[in-house]
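Got a structure for you, written out below as structure tokens; questions coming shortly.
We just call them A, B, C and D in the order they show up, numbering each chain from 1.
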């Protein structure tokens, strides 16, 4: 098995660092380019001493020059950049024959108008939207395999979609009753020098934010609507909690079917899944079991007093919610086993 | 103003310790008895060095002997004991003319049958239920003033009831659509030597628990039903998060009225309140602003895409959710200003 | 007792906020001016919702204009500013008859040359050094009472000096053998938007820093030398640990006398102290007992295998290490009981 | 390369769990027995859902019956048990031809009398002490390769010995001046249901403990003395800090040689080391770079004002301080590359 050369653009943010971590350990990948404006010219292992002594960590960060990236021989590029800037690079990379896995929001939406509603401004590359594949391997594995441009899902969307999609497809819940409350670790806000992200501001603190129309709603509702076969609108309430990483999502919806059908639908969808771990009824997933992994744990409960289904999921916002999920797509795109480099805990 | 002698039963749990902290600093109270089986015979300031050098902290914990407690001259007793055991002591104390503020669940429910449904077993003192007053001063201040037995509310119920009650009274929300997600600090689980409460088990961990029928639902639904004038059943999902204390609650419900009516109803109910701080629309309360206080901060938002109202509240589970709220009742029962000893932050 | 009008300069940093907290609750003080360039024009309770509903919190932050500060009638000003900038304001305030409690390092050193060695650059107001009093009330209470300019000690120095000074005065330890290891909460680094202070960077992280010549060494050695009656040079190793506040200091030194003399010397020095709590031999202070207080807890142990004395202290870096200690000086300067407004825990 | 069957005794404590984690991922090891009295009969992946979906995690915990352990075919057994109990099992395992890597303190000391001085009671298997090899691969790699009984070092000792040993061997520091301050995560205290280990008791808390004669001093001084060629007595001060894992150790000693010799001695000792990462002068290691790894990061500084050398090290107390270091010995004993299964970060 040959080694595949890869580039990471935006490699010094939290998602970028996690990509570095995973790709340094990947048996069939080699990082040939890692860009970072802030750290250009410095070695990875100097900026991030955690990686010292690992083969490949002596590579220096470079400026985000796509021509230079192409010259390193990279065949697949991971874009861990803010939305809006990713699109420009994607165009340049695709033009040079480099396949792109974009972890920003730029290519997740099928309609440029939805992008503009939720993110503001004109979409930077509307023509690419058509060819982009939403990189949720549990749904789009086949399309990902041959895609040139994969739009890797957001952290919250992954935690909400995985449990909901099979139930909507089976018509087991009322689409109009979906409410998701998510609790996210602070790394989800990015590696930015801002007062609200200081240790002292986040420690011993909990708060909801981004109400009532968090940007991730756009891709969540898009995928829910596809699964339900009808337009789905939902309520989403994210909270910031003092952990480094991890998302715990609790979703409620009115159940139309019988509780046993819920378990059945989840099993049908995921019993052969590598990374969705079904805990069963009455079991509550804990983020500590999924941090630094690509697993998403799913439990559920039925409240017969109200007729509501409770769906519980836990993932790592930097893992299945970002970097390792992108790597799962990478494996699929490269014809590797989906789990390659992703089964450490 | 005379000094009122008080007793704390179960003074070495987290709620008990917080009562000690507040009462040591209270300008018109004196702790004459503090019981603790585990620490009996030891001085408060030895077991809890935080209190050393404070007047009154040299008192020794005693066994929970109600006759001995009465001999100390205590006029009001705080019961910070597990449910089931509080009732026995309450009987003994009331018989000796000592007014009781019970922080357990024993007297919060009007119907013994509800207690039995949610807590199991026969209610230990059903005859006392009739005389007990639910100690939510924002609702029952007048009854608390003259009560012999106050059942101080649970931590989650306080955070859910305060924002909801005025809206239900005004008929502004659909009672059947209420869903509350709460995030609680670990002290809410009590000071118990149990593996799941260890630092290493809770740190970097988040999880839902107690599904689908947490015991606190019983008192929440009781009070919601009274306010709504009809039976209310709701969904409640508590989560454990790695902070010492603090509860952040997000409640959703379908709005029947106009958004402006929400603000109006909240203002009417609480604009003269000492401890409910209204943040207004679009503001999200943060637990770090209320820890170690008796304040509860309330914000809200309206999601016009779904017609749902989002109610956001933050309190300290040991403060407004337990000890300081009990002290608020104490002040009212004693004819003191409601805020006496409760305005430090 | 009249109310004393006070100003806080630099009121939106962590020390400034703690001063606001303490002074809002102080029975004999009134904040008439609070400056903050970043927050000028905004109300205190808007920027810091924790203070909402407290009398005085409706005051707006103002620009640091000393003439305007003087017009508010402030008689004493607290300077919670970076070193270097405090000196300019001090001059202006003193010229207007306002007494100054400076929490920066600008006036802690008796020799401008020492300032220049440790802080770099020329001292901004060398003539004021002579009149400044080092604001460690356990040593300089009498001088503080009448001082116009008090230089409140640094956080690390307080934790190191309090246990060492009596022993050096009594000649009980070898001055050349002193080594202090301190562990500090993150608030000690200030409220600055910098990457290394982010939650994700500090949580689950511990590191030493500032080696080998942390700036605080200058004032520590100055005061140790005075107590020892000879020049003392020592080793100081600060560490950053993931707590909001608190300093735990462990100091070792070769004991010259008998262990019993250690206890005797500490008792002689502090048995009547309001804020130094002596735990005795074999007891280890815990920062959780002193956070948000003006207490400093001191324990010790003797290692007869090596002849070394171990001195253990715990304080709040924002409390006895900064804001509440400054308030202790304020009380003394104002003829108030030293403990006024400082006995809440 | 064949797969080596291994047993883990005491597999449900924190060190045991970390051994499970590492051995499940090890390319040449297979866990055939995992004992746990508390969890006997339950599957590993049920008790520890983090491991679910990993090959081998479906194994059930068994009672600690050495005959049954032997029947599983295990060739090497890891003992992650309390001191005192490990010795009995070691005897039984060795008698059955199973090589033992003991992570307790039972076989770390060469003299039974030292064990008795520091641990109390009679040594449970003094005859085994002679054959036991101290499992610090950076020193005893050759002896470990053929050992039947390896006594894997304690967490604190590893962090202290690695930087000190080369300097003592070279005669670069005064042996009588060594003082080590260590800061350890809470997992170091074990997975025990005890009040002081609760989240609420440890969070926002820092304290020294175990003074003045922590048990680990016995093995530290033993190895320091061997390296120095003379009896070494030192001061060791451990502190508990609120992180899950990680040890940060700061050691001071009077330097006899020149600073350049320090760097030279460290490089000579470790420049080819797989797991000791030398950061160089002026660099301070951070535990966040070594958690969940077998790396130990070492920096240093010289304080010319006092003539003292500062040695700084960071490791994971469960990693290089326990489980992964034991696995490093396992690799050496098995003729595998030392780094096998140990290069993930």
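To be clear about the criterion, a residue touches a chain if its C-beta (ideal position, glycine included) is under 8 Å from a C-beta of that chain, and two chains touch if they have at least 3 such contacts.
Bear in mind that the values here come from a model prediction, so they are computed numbers and not experimental data.
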Checklist entry - When every step has to jump to a touching chain, what is the lowest number of steps that links chain A to chain C? => result 1
Item to check | Partner chains shared by chain C and chain D (touch criterion as defined above) | outcome: A, B
Item to check | Selected pair, greater C-beta contact count between A-B and B-C | outcome: A-B
Next on the checklist: Measuring centre to centre with CA averages, how many angstrom lie between chain B and chain C?
Outcome noted: 37
Next on the checklist: Averaging over Cα atoms per chain, report the distance between chain B and chain D in Å.
Outcome noted: 46
Checklist outcome for this item: The distance between the C-alpha centres of chain A and chain B, rounded to whole Å, is 39
Checklist entry - So which stretches of chain A touch two or more other chains? => result 201, 203-204, 242-244, 285-286, 288
Next on the checklist: Show me the residue ranges of chain D that touch chain A in the complex, using the header's touch definition.
Outcome noted: 21, 24-25, 48-54, 204, 274-275, 277, 279, 285-286, 288-290, 292-293, 295, 297, 343-345
Item to check | Touching residues (chain side chain A, partner chain B) in the complex | outcome: 176, 179, 181, 183, 201, 203-209, 211-213, 233-235, 237, 239, 241-244, 246, 248, 250, 252, 282, 284-288, 291, 301-303, 305-306, 308, 310, 312, 314
Next on the checklist: For the complex, give me every residue of chain C touching chain A.
Outcome noted: 14, 185-187, 191-195, 197-204, 242-245
